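Order of writing sets the chain letters: A, B, C, D, E and F. Residues in each chain are counted from 1.
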Amino acid sequence: MVSIDTASPAVYPFVAIVGQETLKQSLILNVVNPGLSGVLIRGEKGTAKSTAVRALADLLPEIAVVEGDPFQSDPADPRGMAPEVRARFAAGEALPVRRRKVRVVELPISATEDRVVGTLDLETALKEGRKTIEPGLLAAANRGLLYVDEVNLLDDHVVDVLLDSAAMGVNTIEREGISFSHPARFTLIGTMNPEEGDLRPQLLDRFGLCVQVEGLTTPAERVEVVKRRAAYEDDPDAFAARWAEETAQLRDKVAAAIALCPQVTASDAILFAIAERALKLGVDGHRSDIVMLKAAKALAAWGGREEVTPADVERAAALALPHRMRRKPFEEILGPHAA
Amino acid sequence: MVSIDTASPAVYPFVAIVGQETLKQSLILNVVNPGLSGVLIRGEKGTAKSTAVRALADLLPEIAVVEGDPFQSDPADPRGMAPEVRARFAAGEALPVRRRKVRVVELPISATEDRVVGTLDLETALKEGRKTIEPGLLAAANRGLLYVDEVNLLDDHVVDVLLDSAAMGVNTIEREGISFSHPARFTLIGTMNPEEGDLRPQLLDRFGLCVQVEGLTTPAERVEVVKRRAAYEDDPDAFAARWAEETAQLRDKVAAAIALCPQVTASDAILFAIAERALKLGVDGHRSDIVMLKAAKALAAWGGREEVTPADVERAAALALPHRMRRKPFEEILGPHAA
Amino acid sequence: MVSIDTASPAVYPFVAIVGQETLKQSLILNVVNPGLSGVLIRGEKGTAKSTAVRALADLLPEIAVVEGDPFQSDPADPRGMAPEVRARFAAGEALPVRRRKVRVVELPISATEDRVVGTLDLETALKEGRKTIEPGLLAAANRGLLYVDEVNLLDDHVVDVLLDSAAMGVNTIEREGISFSHPARFTLIGTMNPEEGDLRPQLLDRFGLCVQVEGLTTPAERVEVVKRRAAYEDDPDAFAARWAEETAQLRDKVAAAIALCPQVTASDAILFAIAERALKLGVDGHRSDIVMLKAAKALAAWGGREEVTPADVERAAALALPHRMRRKPFEEILGPHAA
Amino acid sequence: MVSIDTASPAVYPFVAIVGQETLKQSLILNVVNPGLSGVLIRGEKGTAKSTAVRALADLLPEIAVVEGDPFQSDPADPRGMAPEVRARFAAGEALPVRRRKVRVVELPISATEDRVVGTLDLETALKEGRKTIEPGLLAAANRGLLYVDEVNLLDDHVVDVLLDSAAMGVNTIEREGISFSHPARFTLIGTMNPEEGDLRPQLLDRFGLCVQVEGLTTPAERVEVVKRRAAYEDDPDAFAARWAEETAQLRDKVAAAIALCPQVTASDAILFAIAERALKLGVDGHRSDIVMLKAAKALAAWGGREEVTPADVERAAALALPHRMRRKPFEEILGPHAA
Amino acid sequence: MVSIDTASPAVYPFVAIVGQETLKQSLILNVVNPGLSGVLIRGEKGTAKSTAVRALADLLPEIAVVEGDPFQSDPADPRGMAPEVRARFAAGEALPVRRRKVRVVELPISATEDRVVGTLDLETALKEGRKTIEPGLLAAANRGLLYVDEVNLLDDHVVDVLLDSAAMGVNTIEREGISFSHPARFTLIGTMNPEEGDLRPQLLDRFGLCVQVEGLTTPAERVEVVKRRAAYEDDPDAFAARWAEETAQLRDKVAAAIALCPQVTASDAILFAIAERALKLGVDGHRSDIVMLKAAKALAAWGGREEVTPADVERAAALALPHRMRRKPFEEILGPHAA
Amino acid sequence: MVSIDTASPAVYPFVAIVGQETLKQSLILNVVNPGLSGVLIRGEKGTAKSTAVRALADLLPEIAVVEGDPFQSDPADPRGMAPEVRARFAAGEALPVRRRKVRVVELPISATEDRVVGTLDLETALKEGRKTIEPGLLAAANRGLLYVDEVNLLDDHVVDVLLDSAAMGVNTIEREGISFSHPARFTLIGTMNPEEGDLRPQLLDRFGLCVQVEGLTTPAERVEVVKRRAAYEDDPDAFAARWAEETAQLRDKVAAAIALCPQVTASDAILFAIAERALKLGVDGHRSDIVMLKAAKALAAWGGREEVTPADVERAAALALPHRMRRKPFEEILGPHAA
């Protein structure tokens, strides 16, 4: 993708967001454990949902990618390579490597399927036996985060494509008998205002976690929001600089948790606690249990622990279960202390 | 079809799926007897429906195909050959043969009619008198399984095409006065979440069997699901290796049942039992009786028997009748012990 | 139309269909008297509707056609010739003649108007003064049977075209000021499942006859259906061979009735009986009377008689009246003994 | 328009239609006085509506047209000429004249606006300053009858075009800044089955007359219909020959009435009777009065009289008023003796 | 616009329209004062609405236009010139002037936006730096009347364009980054039948005046309508000749009123009477007051007076207020004596 | 954008608008503080909404732009430059500067996405590596005001695009893998008539302020409106000249407030008053608080004060809160003295 970005001002720092702890935690857990299948953020308008997702970019770790490869191939893992890179790797070529931050790619709700999936230049493909690919957003999002604002207004057709790729970790571009696949593993982050219509259950279930965001309710917090926002709008770079140290500390904590997470273990007692909780609340299917386990492990890693505790499970359940429960109004289930 | 697949990790093993015996049996019966006209799997989200279908690929037998033929022509049967292959066969050519596994082809719900049926390059056809065919998914699915996830959301137009091909065993590509036919015999496997709308009766009837899948309800089972899933996600290949022996045993049992099935017989008493059951339950038409007979024979073969027993009929009825009954809610009919 | 068919297995023999006498009779009457304007077959799914129509092909008589003419021109009747053939005939050319069976042409419900009507190559037509026609399904169906499965789901636009051609016996291809007409006389056979929506009255009326098909209700019949179906699926050719003699006898009887039909007469008493029946039942218009007369004559011919009897009228009324009656539910009118 | 028609059999003779006197009269009145603005024929299916309109062609008088002109220009009246013909006429050219019957042009309900209005070849028009016109159905219908079967199902867009041309007597083809007009005076004849939806009032009002057709209700009449229809279908040409003399007499009577009609006068008492009738029945607007006067004059001419009588007015009112009355159900207004 | 009109017969004379004084007055007032923003004519079918508008053309004054300019540029006012003409004017060129009648341009309800607005030949514009404009109906209507029959059925998109141009007095053609503007001041005249749906309030308000037309209710008037209409249809030119003198007198009176109108004044008492009337009737916004003032001035000029009288205001209110009142049924407001 | 405007007459002066103080103030506050995120003007038809917005253009300050740059790049701030300009700036080029007024760009409700966003000439981009951009309305509106009349009727797709750009201050043109961004900071001004449907909450919230406009209710005011309007229509330039001095004074006051605004401060007490007000009224999210603060500062600057007062907050709340309150009818909230 040829792209010349406008020199943008510094984004609002994640650490400067007032309150909204659940929202912030759900995002960080997905960074700590990318296997969590993303998060759906539901909430009224004007509650820092988009600000938080965009701010998250600043906390993300670095990864190694193959230089010049539009599919973000992993230079260390043939399975995480696009076909052409894998062929070069198989041929013994020393792949050029670049380290860069994990990316947040935004999917506009007006995006067409071609834009999301990518396209093939058929003529060249058929005549010259050479595939000319125009990679799509799913190529850009590989090994990163894919953010969809107002995900409940997304075109059904594009939703199908997203779900397919998310489930398989692979995106396939098909045009009249030609088929091209590349890795497409990404963490899906969606925001939505429930006033404007809800998601269908099939799509809800694909989000590992779900949080409900509400406006702050104490004058002191609101004044703090206004002060910080005004300061930021006045001079974004100066404001970001003021929060630079806190940001750096959080970034280090995230990196430590990412490193620790694969080593976290859960006892059988913990696993049974997870299963019983899901059964008691009457969720559909088993995805909830797996997500609870992953979230609990990420919480343990975040806490610097190598063992999941019952408190981790309780917290994980609050993030993983409500949107998977049958036939009850969402608000009733979450209760006043959930968010 | 030109295709370069990403080196995918091992799929989740069929034998490692916890519970869901009816689901697994219905899939195996369709492998044992491809004349069963497929199975519709209905169930809530997150209940291993897709996992089971994808895992099935590992258990499928080998077949002989004509090398390089996109229509999977059968080298031993002129009726199962595409026109060009049949012409070569008729001309006495020794056809190159390749043995490979039966395939599971996925039909994405966003697939267009062209993609499913295939297309004709009209210009070449008219000018050079030579047909240039771009085969579709029905060519790829010939002699295999065709899997449609969320089949209830499929475009009506594509449904028509599927039903026509399924009924006739032939797919016809027609474009402005030119017509090309090739064999298209496949087992149709559909999954759906009834929360998102049901199928119309005409389409329901085309599925030989129908099973209802529900989530597991004991903590021990759920813990087992989570443990296995976590182990699989951790290292797919190692996990698959752990289940390799059990997988091999099941594959052998499937192969034995496939071989035995054509020899299974049913007495007249069995046939009358089938007819009376259909009449008593008030199903539409006669397809139910034929399917029950076929399913009962497959069950007998699976049990290593050469004769259908009343128990086979009872089991077959539970799989073949409920979705063909008139005007009663599905759940009521199946009852709690059906799934 | 360039067409290379797959070598298909033998179709299920008409004479091997168990029960469904009304359905079979309505089809045969249309073969005996092509002036009957077709038949609409209504019935639940899985009741041999399509099987019977496809099997009918085997019983059809031979006709003489002009060799190589895509419009099936009649070599003996200038009015039944396409323009080009008529011109050659008028010029005194000896037309090449071929005898072949009357055809059953299937119209898929996804067919476009172009596919049905045919198209004109305008450029050639305008520049070289030469018409290049791509004939459609109505050309192929001329002097034959046109079969539409699920006729109630057909696109309105295509329905209009069918009705126009059926009424006039002529199909006209019009494109930007150029107009080409050819004979298009065909017997329209439609099947439908009333569960999926009904036809509008205008279209109902165009079908000469209408029959209601229901599933068989005795175990013995159903067992027979299953036995025959299983035998057929096992080896279609062997099964067809077993019924070959009965098929030949029926074919001869059909041929005899076709020959006799034009000589059958009806007395004035018969005509009054027809008119009174229509008036008593309150049908719309007069098409019912004419169809009853034609059906009664076909029934007489089928019975080897040269004179219509009151019993013929009674039988004809059961086939021709119910779908033309005003404002009463169809089922109530037909009654339990009609099918 | 390049057109090669199939040699069609003789149409069913107008004089052989049993009963339906109102229908036949309304058609003849429109031939006698083309200023009557057509007739709308409403009625149940199968009641000879289309047969009568098509049969009418046989009774139509001859007119003189300019040879080779697709717009049917009147060689005697510059205002009835297409632009090119008028230019030749103005230049003093002796126009070639041909006498032929007034035509009945059918407008299929699937006709597009281009087909109805005609098109312009813009490139030639702009580059060479020369207009290349592809005339449409309104060109063919000029000075003739335009017949629309199922007029209530016509596309709204085409209805607009018809109404505009009918009101102005001119058809205008406009494409990107170029405009071409030609005379388009025609009698609009529409048939419809009210079961399938009614016309909007604006369109109803454009039809001068409106008749309601019902099926015949005596057995004797119905037997006669069947006898004649069967004889016609048996041998159309012989049947037409049998009615040739009666047809010739009617044709002569029509010609005489056409000649007499312009001389028929109406007294002031007659005019007041017309106005009072319209006021009493509460019709919208004044078109009804003018149509009543014209219909009454045509009736007088048909009766060989030079003066309109009160009986003529009464008959004219029955044909011109019912469809213009406000807010009352059509059937109630017409009453049982109107048709 | 290249245009070759058919030599049309004389239109029905304005002065020969029987009754309908309000309708006729509202049209004349718009000619006398083109600042009145048009008139909406509501009424049942067949009430001379279209006849009156078309007849109005005959009474319109002459204006001076720049010869050969498709935008009707005013040779005396640079602000009323199209860009090219203004450039020539600015360069000191002596513009060729032609005097011709103000035009009535009809906008067919099937007109596309391109047809209304006009188009740009982009290729020429970009390559040669030269704008090639295909002017639309708004160019033709500049400084004239734009007539829309069935204005309530007009496409929303075209309505937007009309309203924009009407409000600004300018039409802008925009295509991919190129923008061309020309003056488009016109009086909008719409007719509609309220039975077929009403206008939305935003559009209603744009019409300066609104009149309700009903059929004549005395036999004498209706007889007169029929007599005149019959005479007109018999020989349009002779009929027009008979009314020529009356037409000439009216034309002179119109011209005198046009000349007088700019000098008419209104006292403060008159202005307060206007404001109080609007407030009392609860109309939305202030457009009503301005329109009342203009209409009252036009009425004074029509009456040959230089000062507005209270009677003028009363009459103006009846024309300008009813369609601007809130939430009350139209008919109730107008009352029986308004039309 | 190539553009040749018609020499337009002077617009109606802002200072000559009678009454409507809230409307006028909300517009001026947005000029004083462009960070206010625009204003939504709701009101019945004919209440000077559009007049006021168009008149505002006259009061706007001058800004410096890079000469010839279609994106209105700021020559003093690299972040406010389009990519090409920034590259020249980075290369040390002395950018040509022009001072001109801030612009009001109108977005017609029929505008397509291409027209709003702009397009890319892909062929040139891919072949020559050179981007050829056709800038859209968002380019023209950068650093200015974007006015949408009838904003509630805007196409959903375009609304999305507007919201995205408004939120990010950047517009991105994307076409098949190519992406081009440019600054797009603008003040969004929308007008709407609530009778024709309301905005969805998500869009409502994006407007910083919202005012309700109603018609004037004293005769004296209405007479003044009519007098001024009549005078303006009579001679726009003379009328504008009469108000020139008052306009100049207002323009100076606006300039002074713009200069003062950045220096205005708000005490903590003021900030708490803002937060408590929002909490008490139950608005969604926090955008309300920030907008109240900005509006209060603009009000202070307008009043020549450097410190926000409680009265400023009260006034700001009336403009910023009502449209953000939950679930209550708009009118009830505003109360009679709000507008």
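Observations on the model:
Here, a contact is a pair of C-beta atoms (placed from the backbone, for glycine too) under 8 Å apart; a residue touches a chain by one contact, two chains touch by 3 or more.
Note that the coordinates shown come from a computational prediction; the quantities given were computed from them, not determined experimentally.
The minimum number of touch steps separating chain A from chain E is 2. With centres defined by CA atoms alone, the chain at the far end from chain D is A. Comparing the contact residues of chain E and chain F by number shows a mostly separate set, under half of all numbers used being common to the two copies. Averaged C-alpha coordinates put the centre of chain A at 35 Å from the centre of chain F.
Chain A and chain D have centres, each the mean of its CA atoms, that are 70 Å apart. Each chain gets a centre from the mean of its Cα atoms; for chain C and chain F, those two points are 70 Å apart. Listed for chain D are no residues, as none touches two or more other chains. Taken pairwise by the contact criterion, the protein chains form one closed cycle in which every chain touches exactly two others. Taken in ring order from chain E, whose neighbour in the chosen direction is chain F, the chains follow as E, F, A, B, C, D. Residues 1-9, 44-48, 50, 108-110, 114-115, 118-119, 134-136, 150, 193, 195-196, 215-217, 219-220, 222-223, 225-227, 229-230, 233 of chain A are the ones that touch chain F when the two sit in their complex. Interface residues of chain B facing chain C in the complex, by the touch rule stated above, are 35, 78-79, 82-83, 86, 113, 125, 157, 160-161, 164, 167, 170, 174, 176-183, 200-202, 205, 268, 271-272, 274-276, 278-279, 283-290, 293, 324.
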